[in-house]
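Letters A, B and C mark the chains as written, and numbering starts fresh at 1 in each.
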Amino acid sequence: MKMIKTDKLVFEYAKRDEEGNVIGKSRAIDEVSLDIEPGQFIAILGHNGSGKSTLAKHMNALLVPSDGTMWVDGMDTKEDEHLWDVRQSAGMVFQNPDNQIIGTVVEEDVGFGPENLGVPTEEIWQRVEDSLKAVGMIEYRHHSPNKLSGGQKQRVAIAGVMAMRPKCIVLDEPTAMLDPNGRKEVLRSVMELRKREHITVILITHYMEEVVDADHVFVMDHGHVVMQGTPREIFSQVDTLKHYRLDVPQVTILADELRKRGLDIPAGVLKKEELVEILCRLN
Amino acid sequence: MIRDITIGQYYPADSRIHKLDPRVKIVCTLLYLISLFTFKSILGYVLATVFLFGCIKLSKVPFKFIVRGLKPIVILLLITVGFNLFLTPGGETLVHVGFIKITEYGLSTAVYMAIRLIYLIMGSSLMTLTTTPNSLTDGLEKLLNPLNKLHVPVHEISMMMSIALRFIPILLEETDKIMKAQIARGADMESGNLIQKAKAMIPILVPLFVSAFRRANDLAMAMEARCYRGGDGRTKMKPLIYKSTDHVAYLITILYVVAAFVVGRYVPFKLWIF
Amino acid sequence: MSIKLEHINYVYSEGTAYEKHALKDVSLEIPHGEFVGIIGHTGSGKSTLIQHLNGLIKATSGALYYNGENIYGENYNLRELRNQVGLVFQYPEHQLFEVNVLQDVCFGPKNQGLSPEECEKRAREALQLVGLKEKYYDHSPFDLSGGQKRRAAIAGVLAMRPKVLVLDEPTAGLDPKGRDEILDQIAYLHEKADMTVILVSHSMEDIAKYVDRIIVMNKGSVMFNDVPKKVFAHYKELESVGLAAPQVTYIMHALKEKGMDVPTDATTIEEAADGIMKALKKERAAK
């Protein structure tokens, strides 16, 4: 079974004029069909307003399709009876670290999800401990979230989702409001989780450096999936990426520039070590 | 100034007081507060002092944190003391200058009133400093549970309270930031009459409300995403179960209340007539 | 319009459990017309530092001279200083409050006591400078897109016609295109409006190509204060304090280590590509 599958998914919202009258409809997502296999690390790229966050909210049934269908772990998100199962299967981490922490103490926040699911008390404690350990935040369990850094808050939020034992974790621009340190710290946690728990990871971002390790990348623009493939396939099209307002890493641009100047460098160089190695061989 | 309010601010420490059931702390604090208003002699206050400072010592909360809670009520305190001091008749006249007249009764009422208010704030600060807002609301929820039968949404109210408590520090910080940003744009908050000052608050309040609503919206979504669906079928990570220490705490408090009541009211030891 | 800081110290919540020495003996000079970048990670003191520049925070000790005058002097007019040194906070769109964009931008000039006509004139000018189209002027600021809101908020400060513009992470939360647009706009302002610009950021790559000088802050102290090329030469020390030089710097250093004769001070892709091509050609000629 696919972890996530969409078939001609459409999400429409009403456009309003100054007085609030509906003057038409706009499509935030326009007939998107995609398949995500269990255990994969998927990245969805796109600039602000490309529809990527709207798509993410469908995976958690926070939004339901206006047309078309989305299945999460085989369940149609439009059917009310599956609502809570869908949300438990696909946990979601949001952009703003402050606005998704409910508890006033780290461990209580991580326990919030399992409490809602009606998990017995003893098991909640076990899950909270496991999840906090998994993101490396166990020593902060008694702290107030207000005193943590942005990156630490996001790791708590990830632990809060993990404690619900989801099959898939959807991260909606988890690093957009963090500084470079926080960004690294959050990504490292996600990668470790993925290795250890074999969980499906769907990372939505506009930072291209974050997706070099993904199994599959989707690029969205104006509600459509406009590019998809492995990171290498995607990164080899520097000009197209720039056209979609994405930030190509400096290494990739430098490799591309050198290739244009006649050097024998393959397209889609992802990491600086890789480029250094190629150049040394040329030398 | 708003940052000084210690009520609602938790001080993490590993103490016996911290570990008590929140219900114990709520009920005992209430009993303590009531006891303060029953005394008629200084002995009662001696007992109240011993009890309060004993609890503070046990709680491992630095004394200055508890004292800081008093800052916002300084003005209220001064007014109360002033009223009592100058307007209570009776007893020997101690000072009489022009229309100012301080009587013996006035002095003793003023002093006791001040002590009562100070202990009242210190007592409730101690409770909030040693209890996380969440367990405080948990305790309230459980204590008020009988009201559920009267269709009072106890769970919802306590959830709202704990969220409010979580966001108070965030919103305070935000207020500070917006204020600075508007001052940087030349806003003047200090001068002018009351109306002008109220008007000067608009550039702060509007962005603050906008932000509060945005946060509320985000938070609601985050809660739904984590399967929150009200109180039904919810389990608790930290269910409230009385332990033996909780019973002991109740016992000590009741002993204190009885002793304080008897001593404070009926033992004829009076420094001042009351 | 120079700014000079002499031995500035700042201590938060002095005498409490939360006491924190946020700035330690900071001495700096920023001459008129310079484009300066201040870099440091969260908690390095960079935001505290810039709030000193317009007197929002008063140093615990030390002196700050604006045009040679000590702003901590007894009769110094701080309001006038705030007119001269415009400060754009992080996420400045959170301070928008008026019914429409134009009125919001007028807020600053109005506080300066200018006539309504003059206010509007300056507001329009500022909005033009940030490149916000005229059709948005009568929109509610809350209906604009993220990037547009930010422009409107920056215009709100520009309308006061400051001589010095300080921006605290003006690109935070924007996507790459929005980020580039804002940075280009700021560079344009620096050039056309003859402003001193102080840009705070935590991304080296973003500001490397714009600024004349970089001030690196770490734990409340100035760690480096030099032209970008020289600052990036310390890429290993930068890394140790959680900052990073641009990726090209790492590539050039790695190539050099492997024996290629490339300039290690290249900071932009153009320079790096030129350097690599040259080194390869030389090598081939030698063979």
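One rule holds for everything that comes next: a residue touches a chain if its C-beta (ideal position, glycine included) is under 8 Å from a C-beta of that chain, and two chains touch if they have at least 3 such contacts.
Predicted model, so just to flag it, every value in this text is computed and none were measured.
Novice: State the pair with the higher C-beta contact count; candidates are B-C and A-C.
Specialist: Of B-C and A-C, it is A-C that has more C-beta pairs in contact.
Novice: Would you kindly say which chain has the C-alpha centre located farthest from the C-alpha centre of subunit A?
Specialist: B
Novice: Can you give the whole-Å distance between the Cα centres of subunit B and subunit C?
Specialist: A distance of 43 Å separates the two centres.
Novice: How many angstrom lie between the centres of subunit A and subunit C, each centre taken as the mean Cα position?
Specialist: 30
Novice: Given the complex with subunit B, which residues does subunit A contribute to the contact?
Specialist: 57, 60, 62, 84, 87-88, 91-92, 94, 96, 98-105, 107-108, 111-121, 124-125, 128, 142-146, 160-161, 164
Novice: If you look only at subunit B, which of its residues touch subunit A in the complex?
Specialist: 10, 12, 132-134, 162-163, 165-166, 169-170, 214-215, 218-219, 221-229, 233-239
Novice: Considering the complex alone, what residue numbers of subunit A touch subunit C?
Specialist: 47-49, 149-150, 176-177, 179-182, 206, 245-247, 249-251, 253-254, 257-258, 261, 263, 272-273, 275-276, 279-280, 282-283
Novice: Which of the residues in subunit C end up touching subunit A in this complex?
Specialist: Per the touch definition, subunit C meets subunit A at residues 41-43, 145-147, 172-179, 202-203, 205, 242-244, 246-248, 250-251, 254-255, 258-260, 269-270, 272-273, 276-277, 279-280, 283.
Novice: Within their complex, state which residues of subunit B touch subunit C.
Specialist: Going by the criterion above, the answer is residues 62, 64-65, 174, 177-178, 180-188, 202-203, 206-207, 210-211.
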